[in-house]
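Multiple structures are listed underneath, in structure tokens.
In the two complexes that follow, chain A is the common piece, with chain B as its partner first and chain C second.
Up next is the complex of A and B:
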């Protein structure tokens, strides 16, 4: 499988579009919310691409389409040249895809089984990807190697997630993803909830793993500074569309899109005076008639897709 | 803490909070002057949120507390139930990180906002409603009359946080206590919410106790900043000093660990180890296991002593000690004409 489509980029997204149907009381019924609209990008083997944007910009939905957690309404996701988006995968295909692409979520509390020991969790993931049954000495050695890779001690293997700190838990989530020996790691706000001193450790860890193994990273974040430290290229999203993309240093040094400039200006720094972009609501202004307009809360409020969508109805 | 100061609006004296057998907060003291913005910064387990909850007397019963909280000279610990209600409904307003967890999901925004105005303020329904609409407009919510009829789940996080702030304003508090009010929001919305808090604070002369993990944010919007580690305040400085010349190695480490959008790229200078809660921290200086300067003397707990314009709890700190000048990071694009403004707000001059 590794040889299929040599020459094709590791990941290629073309014209991705995702429309959620949401209930809207004010509109008396269902309406469509366009979460992602015409997003295209490529990620080469071993590359690191940051997808940056504010809340509701469509960055998470884009990541979820890449790993197959959402089916695009239209457009394609190709991984190593193979179209992943137009057919429901069989169980066997899903497993094979899992050995190519893995994902780490923001909150390791909810993405780890809190009744399972760390070693049990890693051995299960290893077994799933053909590394032998859990409990065997070989599996145990490999699980300990994974713990070591993410900077945890073998003693951590016996603990459950509840006994670990947030940073340690996120290391376990990364170790579990690495158990599949993937070529692409999709990280959805994976360091956002970590303490500052721990966030730096995890960013360094991810950079090291990438340098050592050639693992490619798709780093979804609202944090431009973290994106800069981890990724050579950045794609800025706004309102479901690509506002701009290019080498990270170029985009930060000379942002072309207004939303990128806005993201940079909104970072607190010495001498910073926070500004109100909208100012006070002017009572004399005509009230908004668009029921979906979220008003001044960070752009139009695209309802968060989790829980709301009905993928069966929007899948092609 | 140098120079003459107005009497404190809020004074926390030697506050200890303890779970059975587990110290959580160990002797926190701080003053917030009327109209002042004080930032309390720390990582998980530092005790910053417990300190905030102790100020409100909102700690769970299972936690034992010692020390005194004085609000406008009155001992909060000695308040009668009626006095405590008055204190919480009119003296201090609270803004929490997750407005969704603190706003009743089965009542409309209008109900939420008018409840206090009617029960505490004794306003008629009509007057309470028009006042609530005015407050929503003041915090930048458009189409306020329509928002009054909406439900919390229909609003975005940024919008709901404004509703929360509007409800705090309704009580006309003298102290706003904000615990990570923007942590769940994106950077643009964060700027918006901080600007609103800043405007309202200046216009109404309210003081702000701002709890956050974000040193940059605290330094940017506060007059003074206290840094907490393992249940203690380890450093307190005017915000501008803290950004440029932190006194404590922990603060310096935090500042170096942040990813930046300018300057050198590549590996971050992480602080080794992890932040420890007070009950796991070593005796003596709680930071010594992670500290690059630790020596034998650190086995004795360093007192929080005055130094320069602030206070620090480190045996080695002298002015400009950690030898890191972060001042160069003030980019040339640091906001048109902004640098003078913070100085003008520094009412202690």
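Up next is the complex of A and C:
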């Protein structure tokens, strides 16, 4: 959905480059590891861009540079036209940026403070973004509203992360990100650590939120099926460079880069089947896959329109 | 009043008995520690005699109904002296652990949080302090500051800082690299907020366990300082000092004066170590 925003795009990365200096004791010196090498892309308001690649392709480093957790070695990140790539923002500056861009991390187990209740976590995030002191009724109401937004009950608010499942924790992480009312949500492999069926639920939740609020998504993943479900544009990375980018359907239908084809072929077939096969062993699941799907036959590699179970129809 | 007690005592007793059956070592350690603390707190109420009450007719009295642990070379009641001695013997290490705990935690978290040059400077400074054994420092302090209760406590408080600071620093570095800290930074939480509201509560179990173990070491060190005559001076009642006073009597065939305070030191230190170990198990920490 290339809806052209007024003036500058929401996010514009140009020629991003990140070099990590690695100490190498054996070689008696420093080695340089180029993680990201000249990556450029833009993301319009309300858009959804998937950054796809195998491990070590630099996609996570790219996402971390976008949110400011890593400073680019060279190149710029512009958010709403403003250059964000200068180093070391103050807390006040981070708070201002946080109200524009938020992030959900890969590991739902370590991305929440294990000694803080869910409500405490949300109220703290709300308080940082001008929703009043935590513990007040207003903050409590807003925290409950956030819980509701991500499909959790107010009763979950009193629990600590240890009492929640992985999927529930990731919902809390999403709620915490939404507390800042951002315009862009960066998801770093945000569903990779979850069970397949839970992945689908969380992806559906994200799709719903995007549809309701016009929240833009930068979705870092190695899973093309998930990317296809959530994003209208895809950027494929390989070895720190952009292999190709374009509308998701076009890229999947006619991949130009070899690494894109590899990613498509690496998709686990059961993940491509509709949800009804997810339950107990469904004999039709495995053979239903077109044997030519991975081949060069062009055409749709994807038997199901989204490659992922239907959004609305959940609950087996 | 007594009716309430009559109902409660069996319930409490039952709970204690079950706890003791589950972990007898922990129960014993808890009892010893509780006894020692009770003795220190309520010494004047519990002690049967004046700890300084000299009685020339009762020199080196054997344990008896009147003097359960006998009397010493000046005819003072050993039990009363142990009970009164619990005060300086336990208050010293408690102060050492408190002061070094606060300083060590602050320095460890600061080194971990700021990293880079701050971490390098703090870590080297801590290593320099660590290079001096606490006892050696205490001896120097006695030479410079004179003897008494305060000097060894102050010096050991400083000497114990690096031990805790290094453990806290390592744990805080691990903690600070967890994604939830990055999430808080992205939210715009300030460094002090993250450290005080998130890092410290997560480090608290480790600090508690380390302090418990440190208490045992500090007690031994302070008792040694007093034994060497560099701390409290006679006629004060303190366990290390009592052992020193009773040294010569051991050869004279009256081991009680040194033996009973020594047993008290050993019992308390072992108990405190058991408590620390059990706490570490409870919190899922591997003791450093």
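To be clear about the criterion, the second predicted complex is superposed on the first by the 257 of 316 C-alpha atoms of A that agree within 3 Å, B and C clash if a C-alpha of one lies under 4 Å from a C-alpha of the other, contacts with A are read in each partner's own complex, and residues count from 1 in each chain.
One rule holds in what follows: a residue touches a chain if its C-beta (ideal position, glycine included) is under 8 Å from a C-beta of that chain, and two chains touch if they have at least 3 such contacts.
The structure displayed is predicted, hence computed values, not measured ones.
Judged by the touch definition given at the top, the superposed model places A:96 against chain C, while chain B stays out of reach.
Using the contact criterion defined above for the overlaid structures, shared-chain residue A:204 touches chain B, although it does not reach chain C. Contact with chain B, but none with chain C, is seen for A:196 once the two complexes are overlaid on the shared chain.
In the superposition on chain A, contact of A:224 is made with chain B only, not with chain C. By the document's definition of touching, neither partner reaches A:73: not chain B, not chain C. In the superposition on chain A, A:112 makes contact with chain C only, not with chain B. Within the superposed three-chain model, A:85 lies out of touch with both chain B and chain C [touch as defined at top]. Annotation for chain A, partner touching more residues between chain B and chain C: B. Applying the stated contact rule after C-alpha superposition, one finds that A:264 touches chain B and leaves chain C untouched. Taken together, the two complexes place no residue of chain A in contact with both chain B and chain C. If you check the complex, the residues on chain C that touch chain A are 178-180, 182-191, 197-198, 201-202. Residues of chain A that touch chain B in their complex: 25, 54-56, 165-168, 195-201, 203-204, 207, 222-226, 228-229, 249, 252, 262-281, 283, 285, 287-288, 294-299, 301. Per the touch definition, chain A reaches chain C in the complex via residues 67-69, 91-92, 94-99, 101-103, 105-107, 110-116, 124-125, 128-129, 173, 176-177, 179-180.
Residue ranges of chain B in contact with chain A, taken from their complex: 43-44, 136-138, 140-146, 154-159, 162, 185-192, 194-196, 198-199, 213-217, 219-221, 240, 243-244, 253-254, 257-262, 265-271, 274-275, 327, 329-331, 334-335, 338-339, 341-342.
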